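One structure, as structure tokens, below. Some questions next.
Chain nomenclature is as follows: A, B, C and D, assigned in order of appearance, with residue numbering initiated at 1 for each chain independently.
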Amino acid sequence: MDKPKKRYWKARLHEIIYEADTPVGKLFDIILLVTIIASIILVMLESVKTFDTKYHDFLNISEWVITILFTLEYIARLITVKKPYKYVTSFYGIIDLLSTIPKYISLVFGGIHALAALRALRLLRIFRILKLVRYLGASNTLLKALKASRVKISVFLFTVIIIAIILGTIMYLIEGDEAGFTSIPASVYWCIVTLTTVGYGDISPATPFGQFIASIVMILGYGIIAVPTGIVSAEYATQTRASKGKDENVQLNSQSCSNCLSEKHRDGAEFCYNCGEKLHP
Amino acid sequence: MDKPKKRYWKARLHEIIYEADTPVGKLFDIILLVTIIASIILVMLESVKTFDTKYHDFLNISEWVITILFTLEYIARLITVKKPYKYVTSFYGIIDLLSTIPKYISLVFGGIHALAALRALRLLRIFRILKLVRYLGASNTLLKALKASRVKISVFLFTVIIIAIILGTIMYLIEGDEAGFTSIPASVYWCIVTLTTVGYGDISPATPFGQFIASIVMILGYGIIAVPTGIVSAEYATQTRASKGKDENVQLNSQSCSNCLSEKHRDGAEFCYNCGEKLHP
Amino acid sequence: MDKPKKRYWKARLHEIIYEADTPVGKLFDIILLVTIIASIILVMLESVKTFDTKYHDFLNISEWVITILFTLEYIARLITVKKPYKYVTSFYGIIDLLSTIPKYISLVFGGIHALAALRALRLLRIFRILKLVRYLGASNTLLKALKASRVKISVFLFTVIIIAIILGTIMYLIEGDEAGFTSIPASVYWCIVTLTTVGYGDISPATPFGQFIASIVMILGYGIIAVPTGIVSAEYATQTRASKGKDENVQLNSQSCSNCLSEKHRDGAEFCYNCGEKLHP
Amino acid sequence: MDKPKKRYWKARLHEIIYEADTPVGKLFDIILLVTIIASIILVMLESVKTFDTKYHDFLNISEWVITILFTLEYIARLITVKKPYKYVTSFYGIIDLLSTIPKYISLVFGGIHALAALRALRLLRIFRILKLVRYLGASNTLLKALKASRVKISVFLFTVIIIAIILGTIMYLIEGDEAGFTSIPASVYWCIVTLTTVGYGDISPATPFGQFIASIVMILGYGIIAVPTGIVSAEYATQTRASKGKDENVQLNSQSCSNCLSEKHRDGAEFCYNCGEKLHP
């Protein structure tokens, strides 16, 4: 095989794997998506004991098929990018590796419980395919609103935790061991369960005074839920108004540079905005 | 019966069934509404075993009466529309058929559990009568807001499900079988129960570390409920502003007393607040 | 006692009972408020069996004292208004009567459980004293916002109930009697418990498919809570903005006409806006 | 030691303890923060019986170390302020004392349960170090919004409590003792648990009619959560808009006056705005 041909073949593979705009690229993405979802369902079914004992061989073979497919994909990605090291150390590179190797390790060390669950990380790979951020709107109003209200929400959550610790300690003093308030950490856990209006009922006050304090905790939790909602609503509205004037006509597409892996190029871009590499060689 | 007479009779029937603006049309709608509600209550009561054994005959006869009434209505609708095929394949046409036939099928195959419940679909027919969309306001502000934020809410829900699967898998590894985390699907179910702040308590963490992770899940769920609310609030506000042009209710009106000339009387005031003179002589 | 003197005495009593702007009127209101709260606490304590058996005599005597005080107040109100019939048939007139008579009836028929609880209605009388609406701000922005979104919230709640009935029926078919889904009404009850994120856990799905449907119900409930919040937020914001430009200097006060009992007269009003009666005879 | 030297030494100590802008002051704050968090974790672990019996000596010695450190800090604070009485009676002065003495009291009276928990108050000291209010943004938009909607939220919470008492009484009449509705206070507690969508399930209706009323309570609670959220959202948005025009460039820093303890001086301030004392002597 001569060199130019090989280069062409690599560029073609790069297009299939990294770009969703060509028919073959789209097909590749859809197959990958289906494989990931199928593999997640397999991981789930494997954890159901009655199912695992009944269909153990089927699950084992399917898992091997998927693992080999993911291995091939990993190798293809490694080959087609110009700087493989950059891919290996990138977020998705680590996820790809971690979600592929558990089956190989199980060959050497036997099926380790925790390793098997590592495969659930494959879920995160869905985000790469769907390129979800694009759906949030060109202006990413929501992300901007969340970023703008980040500090305020942190302070709010911090305050909630302080309230939970203090009220939890008070409940520990009021209620005895019988109602489940066996220690301060358990009481704080109860307080978070109540403040967030989850209310399992595994621990619940038994004395009238404890129920009185619990009522205050509930109404408090019911009231303060308004705060983060209010913050996000107002910030979101502000961001929406702010982005009204901007020109939002230029779309960013999903192709990625074969040299530096940077994404979100302008539609119609011929060269990478980051490293100057030609985008369609 | 000559043809014009028949045509007139069909047009009249069409008016009664499909239009709510004539007195007879209104009466038809009200009778239909009452019948539907009565039939829903019958379906419900029939499922209560103690009630069913006691009043089985009454329930059976009532159900036959309602089924025959609905059959007549179905036939009438078929006759009066110009394109019966279009009605049969329309959403309400299918609902009408599915909610009428179970009793007839039970004649042949006996009372099948699942078939009987099909009758609950009759509920959907209420929407046709009430023409509910009309009540949402002429501008359909709410529907527009929901439509505008549809993609964002979908992405949000998708993210919630991904979080639930990953955190559920982690909890499956931390907590043992004793606490109810018997498989990954069960743990994901627990995670959704907790994230949405429902909190049944059928599965709840027993180990301190599990309770710690659960607390994080709860606070996360408590925090992210702000996101859809913020989106809908802001979009709704935008839609409201867009569709402006309505009159605002005024508390104090601008009329002046013919005796003492004082202004700003309450809306609906009959006498002057200052001199007691009648305002509309 | 000559007639003018008696009329003056009646006018004075009217002022004390119905107006909160004079010192004596304020004192009357505070005494009434304390009495009502004390009587509510008595009703509550009476229902606690251990407390009732221990302090039965104390509770009985206190209840008689409060009943007699309320009787005197009722008679005073009857005397001082010009049209007693109007007072008796008014909302607060009925509340006053219903919350006073149970003790008298118990003399004749003995202590009836349900009657004793009627006294809890006394709570509603607090609203008259506090004239709570005033605290909501002169423009009643919140009430206007709720009124403006009334229809939308009704449609929303109606939709929630329809969803609950249909999903409840589906769950009744999926889950058996063992999990608590014994009838359609019980399943609908479960569905409301879940949709509103209350989640008692007295009924909870046991089969994997049931848990799957339940997860959908939860995420649905978690999502649609955004709708009423969004409506109220946006309407409230609209009302706030609308009331910014208006002249809000004229306050409506809490005095009531001695003739027709209508309230919320303009500050400085000399005559009733409804019947033309002089307000301060 | 001559007098000026001593005065310099006191001023230096004041700077370290009360100001976070110098490197030494920052270091002091970080050490204090770590000590407080460590002490909170100790209090928590001590309450876990299995942990306490195993590591009793370690916990005891650590607690003594922390208590002595806090005692030294308390004395240092007393010495460096000009008006020690003012510090002792201030909010943080009382918190400092209460969270330090329990260990000393336990020497005389033995380990009293409730006293040990007093140490949880140390948590409140975190707020002093973090000076959290600063993070809320220069304009304190959130606090302003909460303050502006304070009265409305109070009226709202008051209304919720009234609803809880009335509906709780109704449920007490409908449901018997078997379902847990043993008294009116217990029923009111259940009603708050339900209205706030917490839903423990320790008390839950058993009769069909009780479940019907409970459903209404849930939908009510689900609906009225929109009210505080709507208020806070709208007020927050108003505050955000209002603070747009203002000059927000001047920051307030965290140093405190050595004379009157007042905080939040303007950046670059040389003299206390409250008492005129020089800030950096």
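In the analysis below, a contact is a pair of C-beta atoms (placed from the backbone, for glycine too) under 8 Å apart; a residue touches a chain by one contact, two chains touch by 3 or more.
Bear in mind that the values here come from a model prediction, so they are computed numbers and not experimental data.
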More than half overlap in residue numbers between the two sides of the chain A-chain D interface, or less? Answer same or different. different
Which chain's centre, taken as the mean of its Cα atoms, is farthest from the centre of chain D? B
Just the number, please: Cα centre separation of chain A and chain D in whole Å. 33
Cα centroid separation, chain A vs chain C, in Å, comes to 47
Distance from the mean Cα position of chain D to that of chain B, given in whole angstrom: 43
Check each residue of chain D and list the ones that touch at least two other chains. 48, 185, 188, 197-201, 225, 229, 231, 233, 237
Sites on chain D touched by chain A in the complex: 40, 43-44, 47-49, 113-114, 117, 120-121, 123-124, 126-127, 132, 135-137, 142, 145-146, 153, 157, 160-161, 185-186, 188-189, 192-193, 195-202, 225, 228-229, 231-233, 235-237, 240
Which bits of chain A are touching chain C when the two form their complex? 48, 197-201, 229, 233
Partner chain C, residues of chain D touching it in the complex: 151-152, 154-155, 158-159, 162, 165-166, 169-170, 172-173, 182-185, 188, 194, 197-201, 204, 208, 211-212, 214-215, 218-219, 221-223, 225-227, 229-231, 233-234, 237-238
